[in-house]
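The following pair of complexes shares a single chain, chain A, combined with chain B in the former and chain C in the latter.
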Partner chain A sequence: MAEQEWMSEVRAKVGREYGRVYAWDEVNAPMIRQWCEVMGIDNPLYTDAAHAAASEFGGIVAPPAMLQAWCLEGLHMNNYAPGSTDENPYEVLKMMEAHGYPSVVAVNSDLSFERYLKLGEKLYYTTRLDSVGEEKTTALGTGFFVTLIMSFFSQKPAGDEKVGQLLFRVFKFRPANVPKPAEKGAAPAVPKYKRPQPGVSDDTRFFWEGVQAGRLLIQRCTCCGTLRHPPAPVCIDCHSFDWDTVEASGKGEIHSFVVMHYPEVPPFEHPNPIGLIDLDEGVRLVAGLVGVKRDEIGIGQRVQVEFQSFDDGELTLPMFRPVAG
Partner chain B sequence: MTSKNSKRFDDVRPGEALPELAIPITTTLIAAGAIATRDYFPGHHDMEAAQQLGSPHVFMNILTTSGLAQRFVEAWAGPAARFKDLRIKLGAPNYPGDTMTFSGEVVRADAASREVDVALKGKNSMGSHVTGTATLVLP
Partner chain C sequence: MTDISISGRAAIAGLGATEFSKNSGRTELRLAMEATLAALADAGIDPSEVEGFSSYTMDKVPEYEIARLLGCNNVKFFSTVPHGGGAACAPILHAAMAVATGVAKVVVVYRAMNERSWYRFGTGSYGFGSTPIFENVNYGWYMPFGFHTPAAWVGMFARRYMHAYGATSEDFGRVSVAVRDFAATNPAAFFHGKPITLEEHQASKWIAEPLRLLDCCQESDGAVAMVITSAERARDLKQKPVIIKAGSQGITTGQQSMTSYYRDDITGLPEMGVVAKELYAQSGLGPEAFQTAVIYDHFTPFVLPQLEEFGFVKRGEAKDFIRAGHHARGGRLPINTHGGQLGEAYIHGMNGVAEGVRQVRGSAANQVADVENVLVTAGTGVPTSGLILGAA
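This part shows the complex of A and B:
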């Protein structure tokens, strides 16, 4: 699809360098100590002058992950330290906003460090608009991945020295679902994710009731004795409507498998291995695998059923665990 | 807590798992982390402002997530480890009342440079809040 015309204006800005943004404060011990206190970091390199003096730095250094914090504007938005540029490194996001992409979410923060920072160093950074991706649709909505690279420098009389870099990527998008404003005064809660419940019909009810009771039941045609799974109303062999069930031994082997890596969907564990199991009785079913190392799953691996309870007993599922051949 | 005994390069093998670290996410931690990193964006300390953005509550800022990731890696590696980089990818937000549990594993060890890469993941009840990699130089 041809790109909208206004995007050529955005693309023309890729590669542009934006001017310096200075730190309000030089690298200093009180801000380091408070940062460490909040983060729960007790590395003496950052707070214990005697320990730090004995290190290769000869004194206290700043925790590397603090790099970006030194140059943030602080309480008042866009109130940067004196000497900072008036240019807006985020100008392409404003352009996208004007064309119907109002939301933004940070995706990547890649910090790299040339060296650790000592007390008294005065920093600034410059920004380069590194790239703007093609329009993409994600679970959040439709928009653009925008990547900025900020280079951090320490001011030195003999020439400023690069000390680190931040690759910062955001997704600027039109939301797929406009979020509902939260109810005023409603008890804020972390959303709780549960496993989806199976769709239970008259044909499949026996299976799920069996699982709930810790039994793996297979449908059997009472006319010709053929076993079938998944459950169905009619015998696949003789077309009889008459059936009962037999309890499977729960033993079988992996016919095939898949390991889900991405996207990570809560509340499932990832990587999430799922098996297609040949039961010894001769039918095949799909179920989660437990107790397997990803690299050790193999076709033909012997497995045994076990029943796991999820979501405070709301759901029981048959899962298969490897056993010795 | 950071171990005072640093890992030495020769003690580390790819596949080694880091001790898990569970961090209770509180309003205080989110707000304090935002201020300690000089990030005064209202969504990190003002619940009503966060709710107007469509969030149920204040949410953790990225710089705090980076700080906590550093803590997780450093708690294992010790004070003699030196960070070369810390690359993170953001996922589900951290809201108050949740718990984020870090897990990690050594995925590369290069004898020539004494560098090790640690893959890390911080999970909360909604999924992965953060995944990433830290590169360290070990003594």
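This part shows the complex of A and C:
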């Protein structure tokens, strides 16, 4: 599919290197100590000078995961250390925003390290716009994956030395299914993802109304007595159109199951276990599993129905919880 | 009754395809025309001679537009078969019936989709609504739970199959490894030059347990088209004729689309059993007659019960067949020698039919020796179809 024309301007920027952003302070013990305190890290290599001196490093080193912290602007936005560039490595995001892709979500932040940093080192980083993906549609919406790579260097008289890098990827997108504001002038609504509503027909309405009332109903042929699920307008055995319902005990066992991992589609939580349940009455149905630990789900596991309400009561679903055999 | 059998009456005389990619960069109509014109040129048949068309659902290119652009003025047969990949073999069956009965002398079958760049099937969002049409009601039993991807629907069968017969995730992996091995040496395959190991399969992330990433086929853009005419005429055309020895569609007890969970036993694919029985009856052949087969592999677990439905192995024993490597390069029945949909491309099974054609012609990238007959199957878990192609 051909790209929108303005994207050529974005593409032209791929590969561009943006200038240096310097650290306010050299790598120093107080910042390391505070960072470890906040993060709950008690490795003495970072904070115990005597211990660190006896180690292979010969002195205190900085936690590698602090790498990005050294060059941050601090409390005030865009207040970077003197000498830092004015260039904005996020300029392509602004261009996308101008063409109707207002939302952003960070999807990767991958740090990698060459070595430990020692006290007194002075850092800076440069940023490269690594790639801009093709337009993609995800559950969140339609947009572009933009990848930046920030390379961190330690300043050395003999030539600066690369000490690590951060791959930072965002998804810049136009949200799917944004609810319209209720009335003119109202604050824009925050997108809220709901579970899909089931299609309900005259043949199946009893089931969903039953669930809403906390009852698990099974369709029964009033001519030959056969139970059936999923519901249908006619009996598979005797082709009678006459039917009523019976309330199931809600007890059964797992005939099979899957655990949904990917794609992660809101509003569902993942991993999401789904069971194919043999009800004691002799019919089978699909439903969510609750109260299960992944490695405890098994075929033959006894389960009991319970009814859960979703989306402010708009939807009630039968879910099954393991019970003792 | 045998005198009205379609077996041996029609042949695939021309084959055309575009490249397979993640983003074709052009319209589906253009892909369809490229493949169709290539297939007609391959056969040596003038486009104006086409009298029929057949394709299957989810393809958005209408036959009348292809007919208009080909310059056809005498089109007497057209059909669109439902159920997406489950229909993959059916247009060839329909074309063979049209040719055998004299309704149309030349029929084009085609599949052209920008599936990867325009749609994607595995997103979990399909826009099923709540109006009471059958599809919405049917998928309403699954979507509200977040049970909403083809991989997950297949996973429900696969888990029970594993439980019943002792098949493992590694067995599914062996299917994947073997087809990626074939793809690695097929220049037309998306994964050309990229084989995988069983360890890589086992390390690939869960999509829907028990399915891992490498149990799921890729998504692709591309088109494939074929030209079907009478076996008699095909003998005088440019290519070695590929005889349509049998074709069938299949639906059976408790059939649903991806969710036939309400059968007593969910470890088989009985609709494929219907296809198998009919193919063997039409052709007079049995499982020993095939040198290679194209077994639909959108998801690896369903390859196993297909081998069982066709009688290559007994029920539950496909895992042993696969552990012995009979399905792989050099095995007793190498399957998906083009790399399958896992390795070559996901053209919804039509690229598998194309591989059957090449194996009979002797022109496949991973050619099996002395091919007399090839079995080709279509998408599983849905109403399905199958073909037997062979040398004259």
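Observations
To be clear about the criterion, the second predicted complex is superposed on the first by the 184 of 325 C-alpha atoms of A that agree within 3 Å, B and C clash if a C-alpha of one lies under 4 Å from a C-alpha of the other, contacts with A are read in each partner's own complex, and residues count from 1 in each chain.
Methods note: a residue touches a chain if its C-beta (ideal position, glycine included) is under 8 Å from a C-beta of that chain, and two chains touch if they have at least 3 such contacts.
What you see is a predicted model, and the numbers here were worked out from it, not measured in a lab.
Residue contacts after overlaying the shared chain place A:265 against chain B and chain C alike. Contact with neither chain B nor chain C is seen for A:50 once the two complexes are overlaid on the shared chain. By the document's definition of touching, neither partner reaches A:324: not chain B, not chain C. Applying the stated contact rule after C-alpha superposition, one finds that A:299 touches chain C and leaves chain B untouched. The contact surfaces that chain B and chain C form on chain A in the two complexes overlap at residues 265.
The touching residues of chain A, counted against chain B in their complex, run 31, 34-35, 37-45, 51, 63-66, 68-70, 72-77, 105-113, 116, 167, 179-182, 188-193, 264-267, 270.
Of all the residues in chain A, the ones that touch chain C in their complex are 1-2, 134, 137-139, 176, 195-204, 229-230, 255-263, 265, 268, 271-272, 274, 276, 283-288, 299, 310, 315, 317. Residues of chain C that touch chain A in their complex: 23, 25, 114, 117-118, 120, 122-125, 128-149, 152, 155-157, 159-160, 163, 205-211, 213, 259, 261-262, 266.
Contacts from chain B toward chain A in the complex involve residues 1-2, 4, 23, 29, 32-33, 36-40, 47, 51-57, 62-71, 74, 79, 82-92, 95-98, 124-128.
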